[in-house]
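There's a structure below that I have some questions on.
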Amino acid sequence: MTRIKNQNEIEDTGLSSKFQTRTQRIIKRDGSFNVRKTGIPRLESFNLYHYLINISWSRFFLLALLFYVIINLIFTLFYYAAGPEHLGIETDLGTLHAFMNSFFFSAQTLTTVGFGRVNPQNSWTNIIATLEAGVGLMVFAVATGLLYGRFSRPVTNMKFSTNAIITRWADNLTAFQFRIANAFNTEMMDAEIQIIASWLEPADDGTELRKFFNLKLEYARIVFFPTVWTVNHIINDESPMYGKTIEELNKQEAEFLILFKAYDDTFAQTVNARFSYRHDEVVYGAKFKRIIIIDESGKSQVALDHMSDYEKAEM
Amino acid sequence: MTRIKNQNEIEDTGLSSKFQTRTQRIIKRDGSFNVRKTGIPRLESFNLYHYLINISWSRFFLLALLFYVIINLIFTLFYYAAGPEHLGIETDLGTLHAFMNSFFFSAQTLTTVGFGRVNPQNSWTNIIATLEAGVGLMVFAVATGLLYGRFSRPVTNMKFSTNAIITRWADNLTAFQFRIANAFNTEMMDAEIQIIASWLEPADDGTELRKFFNLKLEYARIVFFPTVWTVNHIINDESPMYGKTIEELNKQEAEFLILFKAYDDTFAQTVNARFSYRHDEVVYGAKFKRIIIIDESGKSQVALDHMSDYEKAEM
Amino acid sequence: MTRIKNQNEIEDTGLSSKFQTRTQRIIKRDGSFNVRKTGIPRLESFNLYHYLINISWSRFFLLALLFYVIINLIFTLFYYAAGPEHLGIETDLGTLHAFMNSFFFSAQTLTTVGFGRVNPQNSWTNIIATLEAGVGLMVFAVATGLLYGRFSRPVTNMKFSTNAIITRWADNLTAFQFRIANAFNTEMMDAEIQIIASWLEPADDGTELRKFFNLKLEYARIVFFPTVWTVNHIINDESPMYGKTIEELNKQEAEFLILFKAYDDTFAQTVNARFSYRHDEVVYGAKFKRIIIIDESGKSQVALDHMSDYEKAEM
Amino acid sequence: MTRIKNQNEIEDTGLSSKFQTRTQRIIKRDGSFNVRKTGIPRLESFNLYHYLINISWSRFFLLALLFYVIINLIFTLFYYAAGPEHLGIETDLGTLHAFMNSFFFSAQTLTTVGFGRVNPQNSWTNIIATLEAGVGLMVFAVATGLLYGRFSRPVTNMKFSTNAIITRWADNLTAFQFRIANAFNTEMMDAEIQIIASWLEPADDGTELRKFFNLKLEYARIVFFPTVWTVNHIINDESPMYGKTIEELNKQEAEFLILFKAYDDTFAQTVNARFSYRHDEVVYGAKFKRIIIIDESGKSQVALDHMSDYEKAEM
């Protein structure tokens, strides 16, 4: 199980398939989609805000630093062209000295620190400084906005059971089950699960096509989600899975795509997580162990490190 | 009734149970969940944003102060290493003097105040100061963002009647009722209630298991919520409570979990509140008193200090 | 019609009733609720964020100025106690001079302007200044956050027809209609109307009680809302209004409460507006005039200044 | 296909109609509405926040610069009235010099740079500066808030197939289809399409009226939207389009309005896009080509540059 926060950071830690498969999984175990879109020019598919929100923290800070240096260099060129002596910089200590002190003055203006020892003393330098102060406020507004936007971005840390199981249900039916729990301490309300089963079926032209089917759940929504939820799809005659054997599911490279949504009380909005179980991550003939107990003081307690535990069961 | 704002601050002020109970309540009267999750490593369940949004105001300001001091100390070490004389600090007044003035200079740079009497005068101190100004803007962006995020966080102040009641309904039925009102002056729209009844039932293996049942409401949603809402669940043959006596509810340690949602006009988003009534907070054979009157000027008036008032009634 | 933005600013500009009425209207024509809640202590019903977001702009700026002055005065007392000479202020020009310059220095530090002529020169003044700079950033974060929060707050400018009408529908039915249009230039999607009819009915104990009924609409939701929407409730035998005469509606002081919701493309969220028609604002036997025309260039055009226009019609 | 971001920027790039039409399209190909609202005074329909969020970037920066200059000029007048010598400006270098340096000082105060060489030295200039620093923080809060609000505004880049098609469905039915794909790299969940068909029909009074009809979709919502979605409306006897020939659709100037909504994972909220197909953009008797393939490594791949490709098909 992996923490679903930044799609670009997480490696797929799913189990390697025991079978030689013709297709890769559609949703990786970190929740990202494993689909390649071609035919869109790089420029058209690029969105600056998406990019800056999604990149890793190290890349973000590197870009911020680079941008900080570059924008200061641009203004430094302006100050240098206007004459560094008009900033009160000694020009007889060499070009490098004048350039560097112009650079430092630029940074002091851009960030509005404004120490003042070096300061604009003629109209041109004053005009550049006036502009730079305004530009600095705008630029840092975006940078700091992005920083806080990244920091306060809704994230989830949903634990999914390592395996999904097919278990016995009532007299002569089976059920597809998995478990989900919230590893964070935040409260979640109105949790909702949607499962899309998918497998390969023959197409009209002799090739294979991946088909998608909605699986109806016993409970698709639960009001409160304080502990662990054992999600249950009863495989009755309404289910697309009815009558399918495990061999068929393997041969057809079945994959069960899961979308989890809930209202997170701290982010004060709906959050979501995605996951999937491949056919070789589904255990046939098992039963999840009970993990909610009532302790000595009468308080409900759930052992999340055992949420994947199952025992073999007769079918 | 308690103000539901910060789960960590509010003590459970609910009435102590008249009965010896085997289980604790699931939702405390302040709306927080009374469930313990074990098996997740501290690091995995920790989310910095959640933590900083949820801690008490005193703890937040203490952390902010601590962080402010520490980050200044770090930069002070850099300035001291670069030589405090390059900041214009007199070095012949002792190490403490040089260190403290470097510290003060660091704070002036980090906060971008930049008085300027003490100021960087060689390349190294200038580079550190340039970096510190940038870092300061970023750091304060997060701190001030969190401050405003905490301040503007959607909160509710829902008053629930001290007791829920079971009252007579129509000829031969009963109804489970409680009252809810908005103690704040904000307008609420599309208010929605969900009630989950829960009690202990015997499990297959001889132990007891807590079961959960959705209670269908006469009105689950109301469009406008300007005064008080008497929430009503009719105990007909479709209700999970049908046929249950008060003794059974006590013995099975029944608890009625309530989720309230509404759109708050000032926060311009959906807010929620949670509450619960334990079996010993439910009064059998009562009727809520009328509290909405029309005053002399024809204006509707509701006395919220009497919203919990009930009178005994024949069943 | 009034602009629904800040409930506290708008006066009720509704038509005065032609009848002596026993009750006031529930929703004023500016969308605010006309209900008085008693029994909650002032402190408990007060929420600082709600208050600061909802007060008028003039009151907000006055409070901001007051707070700015007060917080500076507090720090001025500290600087004065530490000795204004340690800020470089001449103490031989009198107490007022020293106090005022300490005040100005405090403002320069709080706002991080930090001119530097007056600056802290001993440990105590430096410590106070260091704290004040940090406090200033935090305080201004909240103030500026509130300012932008108020400025960017979702508002609507929905125009409602002056009157609602009861018009002929099909062979032998009538319909309750009114019109709504968006006076702003923003795009709205998924617009939704809910109408709650209410009137006085006799209660069990001889008094009168105001009852509320949901009116089912021909179309409760429309996908696109670019022009004007004539909202239509058909008074068939399922309607609570079926069989009611205009005299009954007047005698029972009927009021039709309206909640409008839509997704606003610029605020990128759902916005809402509230309105109501009292029995004496409903015209019986009328028909709204057609106001959507197609101009010479083939473009749809709607004359919103005629949206309230109706003509008498046979019933 | 155009990028739907700022309605004022995008030109309608739709195909010019092959037919002489009596009406213009309702939704332009960039998603904006082609309706003119008259009768609202300019002042009443104006909303400052909408305006500042929606104008082009160049216009925004121009306004920001203008406002920056003007507010500085206002304060400059105050400083000049108070006497520029009290800012430490040499008054014997001429009025222009004094005025300009007052202006630069104003900018340094407004932006809180506060170099300090020029600084307030008497009470009046100090009071003005104290006010200006506070005003500056407020003003820049709004400016920078707007800047980041514009930058982080939810946008979509949905590609729609150039044409919609009417294709054969099952034995003796047809279906109305078009394709939509997300050109951005963000993940989208719970995508939803609504189609409103509209065409001219004769009205009671002899003129023509544009009528609107909801088209029921085979799938109105899909849980995951990683690649391309072929939206499908089956023209059975429940469809408003049942029995309509292409000639009728042309004569009645049919237009198919499309609203797309989905949850965008990066903006962490619902986004939407609008589009429309005019009768002459609908191809009768075609079939979309297959564009999702599974590459050599087993990964799903979709060629979005071919999403509009269709081949003629027998009907």
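The letters A, B, C and D name the chains in turn, as written, and every chain counts its residues from 1.
FYI, a contact is a pair of C-beta atoms (placed from the backbone, for glycine too) under 8 Å apart; a residue touches a chain by one contact, two chains touch by 3 or more.
Quick caveat, the model's predicted, so the values are computed rather than measured.
Between chain A and chain C the CA-based rotation angle works out to 180°, given as a multiple of 5. Of the two interfaces, A-D and B-D, the higher number of touching C-beta pairs belongs to A-D. Of all chains, the one whose mean C-alpha position sits at the greatest distance from that of chain B is D. The distance from the centre of chain B to the centre of chain D, each centre being the mean of the chain's C-alpha atoms, comes to 36 Å. Computed from the mean C-alpha positions, the centre of chain A lies at a distance of 26 Å from the centre of chain D. With touch defined as above, residues shared between interfaces to two or more other chains in chain B number as follows: 112-116, 140, 145, 269. Arrangement of the chains shown, judged by which pairs touch: all-to-all, with no pair of chains left without contact.
Those residues of chain A that touch chain B in the complex are listed here as 3, 64-65, 68, 72, 100-101, 103-104, 107-108, 111-117, 140, 143-145, 147-148, 151-152, 155, 157, 159, 181, 183-187, 189-190, 223-224, 226-227, 263, 265-266, 268-269, 294-295, 297-307.
Here chain A touches chain D in the complex through residues 7, 21-24, 26-27, 32-40, 44-50, 53-54, 109, 112-116, 119-121, 123, 126-127, 129-130, 133-134, 136-138, 140-142, 145, 149, 153-154, 194, 196, 208, 210, 214, 257, 259, 261, 269-272, 274, going by the rule given at the top.
Only residues 112, 114-116 of chain C touch chain A when the two sit together in their complex.
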